[in-house]
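For reference, the structures are reproduced in the following blocks.
The following pair of complexes shares a single chain, subunit A, combined with subunit B in the former and subunit C in the latter.
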Partner chain A sequence: MAVAAPTGEPTIDALSQFKLAPVGFMGSAVNFTQANLLMVIGAGLVLALLYYGSRPRAVVPGRLQAAAELSYDFVYNMAVDQIGPEGKRFFPFVFTLFFFVLMGNLLGLVPFSFTYTSHIAVTAALALLVIVIVTVVALAEHGWTFFTYFFPSGAPVFLAPLIVPIEIISYLSRPVSLSIRLFANMVAGHVMFAVFATFVVMLGGHSLVGSIAAIGPVAINVVLIGFELLVAALQAYVFAILTCIYLHDAVHLH
Partner chain B sequence: MSEDDSGAGGSFEARLRAARSRQGMDAPPAADSPSTVKESSALGVGMRVGVELVSALAVAIAIGWGLDHWLHTLPLFLVVFLVLGGAAGVANVWRLVGPPRR
Partner chain C sequence: MDVAAATKLGAGIAVIALAGVGIGIGNIFSALVTSIARNPSARDQVFGLGILGFALTEAVALFALLIAFLILFT
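Right after this comes the complex of A and B.
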């Protein structure tokens, strides 16, 4: 992303924001980076919301309790709607996944913070977790019948050498697309922030005309913040609902 | 909680049925098609289609190259799986934008 510029000019450096740096007095000893710190903060925030939200047990919920109950109901309904009545079993998993991703996306929008979902290592680990659990669930539910998933019933048998590899590739591409989608959305958003913010600095450093023109990129970044809030929530939702759809396939086969 | 949000207006039977299906005692009345994810923007749909195509191709190339590396038949499986990967990508996209199954 670095743009070659005459000496003295600020350059667009959009990717250094994703660099990991150890934090804390023994961060470098155990490789505890700001990504890990944000993960701990995000998990703590969700736990705090649920703990303090469910403590009052009021009949008429207050704001915090309403937020906790709404988040519970939202994920619960998503799991049951998508997976079916059996979805209740997977609700804790989907809930954890959804809020971990959501916290990663949202906390990343706080200035001077870090988006841990912008690292493919994190999203790929989550997607692998999903796909391993889905496969284990499918095998536990259906045993060897699970492998008929790769050959839809009703297809002519002589097409099997073609269909089976395609279905297997399609199945294996799920974790790849799941992880890349989240990671790419987050990286793209934050790169755009950095690029337009650098425009502001570049324009403002020139002259009065530049300073006035710098209002443009500032306005774009203001709009982008709103857009990124939407993307943050939407991508967490997409991640969770695709997990539910895969679990539906695992429970019901086809 | 949300026990009463199905509305006080409905008859007892309707509310009982809704409550039973909510608790998982009966199957939900209409199993709506689960394989459709509503993504608001055209950009989102385009993004998903692209990711699906590329990821299937990437997985297929990885498998093909791995098989070749293992069996020392370098171009053979790579070529075969390249075609299969493209087909799998199109199948993914069809599952995404095609009519819902069942």
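Right after this comes the complex of A and C.
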């Protein structure tokens, strides 16, 4: 993070942590980077939790089974509360999305690992998937009446030239805001870690007073880790619940 | 003006948006506290909504912060 400049003074190099690097002996041949490795690990962890958690099928669940059941119930309730009874159909999609994003955010907080949700390519692909599925569901459910979605019933007709473009723009800006929200949260958090970690190096390099003052940025980084744990869970929740709200709009049309 | 000075000033100006976000988050939590104080039994439903509003507002702050980081570090 802190790379010594030619003058000897360390400079803040906050963005190099997001650089992709091939891993493994075949890595560079198939462009298998550490982001892909972390995706595989994250998916494997979720699958392992569900597989080993649902194996015992005890009436009184153990810790692992309770964790698996809690996560299942949490996403199931979210989907059914937000979408309605039709939410059961979309539950697997929302569950997958929630845990993929959650694993990306949480695994990124492990030292020396990598946050794959900090790349706009990943979050934009997820958001585009969401918006394409929402549009396909809406068209399949309602056919051409889907397009009445852009003109709320009860609004005066002479306002149509104003309302329809606004509704279309707000519909099309959903994937943009959905992807940038997650990506910006992750990048901002990790840049903040790097900035405060560089402060430690800068202060510690000076004198005894600097070394003592360097306790400050270390303490801030410890607090930031806790805050980022909250943000990691919250952003996965927000991503999943916004998907649910969009699916609700697609199924019910306002 | 010197380019290095201009980038630092630009990054500073970019985060003025945080003032609005501060007001917004304050509004959300004041409304949350008021509604829970009026009807404590609604806490479970209202709390989720409040956290959702907080996350959506915080995202605006991060857009501004990200622009500042991009100005400073690229």
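Note that in this section the second predicted complex is superposed on the first by the 248 of 254 C-alpha atoms of A that agree within 3 Å, B and C clash if a C-alpha of one lies under 4 Å from a C-alpha of the other, contacts with A are read in each partner's own complex, and residues count from 1 in each chain.
The working rule: a residue touches a chain if its C-beta (ideal position, glycine included) is under 8 Å from a C-beta of that chain, and two chains touch if they have at least 3 such contacts.
The structure displayed is predicted, hence computed values, not measured ones.
Engineer: For A:His248, using the defined touch cut-off, is the partner it touches subunit B, subunit C, both, or neither? Pick first, second, both or neither.
Structural biologist: first
Engineer: Between subunit B and subunit C, point out the one touching more subunit A residues.
Structural biologist: B
Engineer: Which partner does A:Ala184 contact after superposing on A: first (subunit B), second (subunit C), both, neither?
Structural biologist: both
Engineer: Scan A:Ala35 for contacts with subunit B and subunit C and give back first, second, both or neither.
Structural biologist: Touch status of A:Ala35: no partner.
Engineer: For A:Val176 in the superposed arrangement: first (subunit B), second (subunit C), both or neither?
Structural biologist: A:Val176: touches subunit B, not subunit C.
Engineer: Quick one: is A:Lys88 in contact with subunit B, with subunit C, with both, or with neither? Answer first, second, both or neither.
Structural biologist: Only subunit B; A:Lys88 stays clear of subunit C.
Engineer: Is A:Ile220 contacted by the first partner subunit B, the second partner subunit C, both or neither?
Structural biologist: neither
Engineer: Per the definitions at the top, what is the overlap between the subunit A residues touching subunit B and those touching subunit C?
Structural biologist: Of subunit A, residues 177, 180-181, 184-185, 234, 238, 241 contact subunit B in one complex and subunit C in the other.
Engineer: If you look only at subunit A, which of its residues touch subunit B in the complex?
Structural biologist: By the definition above, subunit A touches subunit B via 69, 73, 80-86, 88, 162, 165-167, 169-170, 172-173, 176-177, 180-181, 184-185, 234, 238, 241-242, 244-245, 248, 254.
Engineer: For the complex, give me every residue of subunit A touching subunit C.
Structural biologist: Touch residues, subunit A against subunit C: 12-15, 177, 180-181, 184-185, 187-188, 191, 234-235, 237-238, 241.
Engineer: Can you list the subunit C residues touching subunit A in their complex?
Structural biologist: Touching subunit A from subunit C are residues 51-52, 55-56, 58-59, 62-63, 65-66, 69, 72-74.
Engineer: Looking at the complex, which residues from subunit B come into contact with subunit A?
Structural biologist: It comes out as residues 1-2, 21-22, 24, 27-28, 31-32, 34-35, 37, 39-40, 44, 47-48, 51-52, 54-56, 58-60, 63, 81, 84-85, 87-89, 91-92, 95, 101-102.
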